[in-house]
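Below you'll find the structure I mean.
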Amino acid sequence: MWLLKTKKGPEYQTEDCPVIDKQVVASGYCRVALHAPVIARKVDPGQFVQIFMPPEHRDHMLPRPFSIFGANRKNGELVILLEIKGRGTDLLAGTGPGSSWKLLGPLGTGFPALSPASLLVAGGMGIAPLAFLAASAAVPCTLIYGARTAGQLICPQSDLNRPGLSLLETTEDGSRGEKGTAVDLLSRLIADAGTVFACGPRPMLAAVNNLCRRAGIEAWVSVEERMACGVGACLGCAVATGSGYKRACRDGPVFRAEEVILDG
Amino acid sequence: MWLLKTKKGPEYQTEDCPVIDKQVVASGYCRVALHAPVIARKVDPGQFVQIFMPPEHRDHMLPRPFSIFGANRKNGELVILLEIKGRGTDLLAGTGPGSSWKLLGPLGTGFPALSPASLLVAGGMGIAPLAFLAASAAVPCTLIYGARTAGQLICPQSDLNRPGLSLLETTEDGSRGEKGTAVDLLSRLIADAGTVFACGPRPMLAAVNNLCRRAGIEAWVSVEERMACGVGACLGCAVATGSGYKRACRDGPVFRAEEVILDG
Amino acid sequence: MDKGSNQSRNGSAKKTDEIRRIEPDLKVNLCGIILDNPVIAASGPFGYGHEYRALTNFEALGGIIVKGVSLEPWTGNPPPRLAETASGLLNAIGLHNPGLDQFLEKDLPLLRDAGPRLIVNVVGCSINEYSRVASHLDGVEGIDGLEINISCPNVKAGGMAFGTDPEATYQAVSAVRRRTKLPLLIKLSPNVTDICVIARAAEEAGADGISLINTLAGMLIDVGQKKPLLGNTFGGLSGPAIMPVALKMVWQVAGTVKVPVLGMGGINSAEDALQFIMAGARAVAVGTGFFYDPELPVKINAGLTEYMKTNGISNLGRIEGIARS
Amino acid sequence: MDKGSNQSRNGSAKKTDEIRRIEPDLKVNLCGIILDNPVIAASGPFGYGHEYRALTNFEALGGIIVKGVSLEPWTGNPPPRLAETASGLLNAIGLHNPGLDQFLEKDLPLLRDAGPRLIVNVVGCSINEYSRVASHLDGVEGIDGLEINISCPNVKAGGMAFGTDPEATYQAVSAVRRRTKLPLLIKLSPNVTDICVIARAAEEAGADGISLINTLAGMLIDVGQKKPLLGNTFGGLSGPAIMPVALKMVWQVAGTVKVPVLGMGGINSAEDALQFIMAGARAVAVGTGFFYDPELPVKINAGLTEYMKTNGISNLGRIEGIARS
């Protein structure tokens, strides 16, 4: 038979998901909890979902990709951290409990399992997949969470408050946590690191990669690209790698840092 | 100065109008009351407004034209009778009190003043401008209101309950009022008619025109055309007349029946 | 659509009942390829098909046209390759594909027994490349036809696409025709002054059918960066935005050639599909629609069936090109 | 747009303050016509201008291009003439217009002192017609330039539009050039294989500027009636749906000719206008936008001013074509 994974059922699928909770966590950011039992059961840290635009807004053709920020296999809750960037995120953020979102997922190749002494490095919205990775970890780990200023450390503390997780915050202006960038802090801690997992703006990922390569430490990064299908069909989400273009949605979004051409 | 009507201020303008009441008067039909003091003050029977689509639905380019069904100069209330026909009317009908519609109006050339013994003939949604005409009349008049079946006589009775107005309902299946069409009834009453005013489907208007011409009675009809600007600029709303194409939005929508080529 | 159905409903109840008893047959013959229904996955968005297996009911697809296949692997364009526009999508994938060998080894086996008829979209930069892919695919089990995408730049003719010049079109199609007995659809670019001249050249050269339209050339600029948004500067516009343009070209070509036409470009509903069929298309393809609704073919089939029942139409041949008369 | 502004805001607060003090000058010189700002009303939707007097603040219009004027009155196409499409508008007005005499007598006096520069869009079915209208308008008080719409069918050349053939374009433009000293914009049709060839022909024949794009050819079918929706079967597609196609043509033509380009097609915001300017347009025109937002020019001007202030740009010449480098 030619189904991709016959025994487990399909890897991914669409699911109509009632919004069960929406909190504005900072101006322009919200945390949305959805009832998505099928996707929540399957998802691994680093994977993502595509959220379809409501059908009455068909002038917006493309679904929008969002990392899984949290998933509760038992009660089927799936959590997304959403930054309003343009029309699509604005539309989504404008709905709330009582409405339903159509999701496609879980999609993509997530992070490998955490080894002891793993160091997680999140810049800005890069917190979303890493918070989920930290929460799913079987071993203790350290999470560096950096932003320009305190107001941009928008992730609710309650979502980072896990046993075994040491949280280190940095801000460039020193308004919260250590003064400096997440990479500055990483460069001080890297000597003791096992594996490094990073998500954030491209320049940050490039810096993380350079640090890790010099230190001889394994590093994984999660990258963003514009997407259409989300399932590896259209080849729209090309990421330049040492061995040609790969698909962010299927071969990634998580790649070995050394594999991706990050400063191109 | 080159303003069209300097003394009275502009003939028409845009106005943001809060929806103050919406009633579903039948399945697929609603009666919407808006607060539109500027337009309500100026509007004459037979004139119409263009309603802009909400800006978050910019995939729908064109405003939608609606006859004025009622206007209260004193409290600034403007009433529309709306049939859900497609995406635009569906969007409008989906909003209610609390929202605001952007209107452009009053537009077009309305009906001339009623003379005694005027006969008004409304088919289906053609009731909208004629109910307003009847309500504004200084003299008694008769309104024939026809539809296929009772369920399609959707105009609320309270809007037709005016002193001096005799209402005659007809349905093709006899489920309410007289059995037959509005034109059947007109043909029986036409001998005593002063002027005839009609609004409804094209074939009905053509029949009205034929009857009146044979009886030598003056007749006015209100016609519908697809519109874009609504103000006479784009020439999109062409109506074929004996003297070439005229603009439904500016030269009409009310024309002398003999002027328009109704069965073309 | 509704006007027609209302009329028959309000006509005679008895007649309507009889009409409703008709079991519509959605089968169509697209230049020798018998499709169970007229809805096809357009080349590109649907990839090599198997990626959509969990999302799209394949029974609603009469056929699948796989993503463009070239002789050797093509790397495609630098990112970004995608941008959303008003009711449209701009893409510059650059025909990125793993090449013929990998298609035959890896993708074809996953699709061969999937159900829908299988059509391979062929791309190349020279007549020789087109011909060699076509000749390799001739007789391969599970392949029902070829769609030759002549919108690629013609390297010999200075980079202008084959599909913008009737002479180059004739040459390319004749060459491919000699190398395969498979039904041959020729896919045309809409970026031309007169699409009928190109369609006629393709027909004379032996095309069994014409596919149209491919994407409209377009671009966007990233105002913040002060440079073109797409890595490739230019891209192709698809989606509902282009539907009226596509419909007009289908109408014109269907009135020009004798071979069947496969219509596509922004199809978004059964009503859109009916417009293409009434303009003269034998079958229709959905591309961009998969991105926002992987179940679109199911909805289109349901809508077509409903329309045929309501209007007493037993097969689509009865309304093919009917708006032309 | 935002990226740029954020960067400078986050850079040095002092520098930002200095930048903010710049008073942007929106004036542009469109082939000798000095526009107070680069936003023009495109020919057609805005009629003869006076109809919009109560709806649009004319100070936000650098110029008005009036609806196509022909020598004699034209009756135009049978209705329906309009249909809405996804993010677009299909129209088949058929250049209905009251003719030159009535324009001069009735419409021009209402617009002469309105403020914006006045450009007359000229239509004709033969070179002779174009030339005669141009020569009548030469020297008429209040007229600042002509826009020659060569997308009309060329009756002598079998009905193909002048603007689809470089030779016919050259002939028509040269003839008009000889008859007027007014600045001459040539308005091109996008329905061609290679717009640059046409633009070059127009430039060589003496055009002072190129206007583009006119509408894309399209159609719709009324499924209920089983016939074309528009009375004229075919129409022209405009609005945001076509914006990426328009932008690409402006980009190409601005890289080909030396005369200034007036860009239009689906412009819907200051950001769209900036895309056209960065692609190489000297000024931009708004058409379909008036139908859904008569105040669009005001918003575009406000957005341009804000952008220029935030980014320290004193005049638009600094960013004209900047995305090309």
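Things to note:
So that you can tell them apart, the chains are marked A, B, C and D in the order they are listed, and the count of residues begins at 1 in each.
Methods note: a residue touches a chain if its C-beta (ideal position, glycine included) is under 8 Å from a C-beta of that chain, and two chains touch if they have at least 3 such contacts.
Remember, predicted model here, so these are calculated numbers, not experimental data.
Contacts with chain C and chain D are shared by A, B. Contact with both chain A and chain D is made by B, C. For chain D, the chain with the farthest CA centroid is A.
Between the Cα centres of chain B and chain D there is a gap of 36 Å. Per-chain Cα centroids separate chain A from chain B by 56 Å.
Rounded to a whole number, the gap between the C-alpha centres of chain B and chain C is 45 angstrom. Residues of chain A in contact with two or more other chains: 58-59. For chain C, residues touching at least two other chains, in rising order: 86-88, 239-240, 268. Taken as a graph of touching chains, this assembly is complete, with every chain in contact with every other. By the touch criterion stated above, chain D contacts chain A in their complex at residues 10, 86-87. Across the complex, chain A meets chain B through its residues 56-59, 91. For chain B in complex with chain C, the residues that touch the partner chain are 58-59, 148.
The part of chain D that touches chain C in the complex is made up of residues 1-5, 85-88, 90, 164, 191-194, 216-228, 234-235, 237, 239-245, 247-248, 251, 266, 268, 271, 274-275, 278-279, 307, 319, 322-323.
Residues of chain A that touch chain C in their complex: 2-4, 10-14, 52-53, 55, 58-63, 104, 225-229, 231-240, 244-245, 250.
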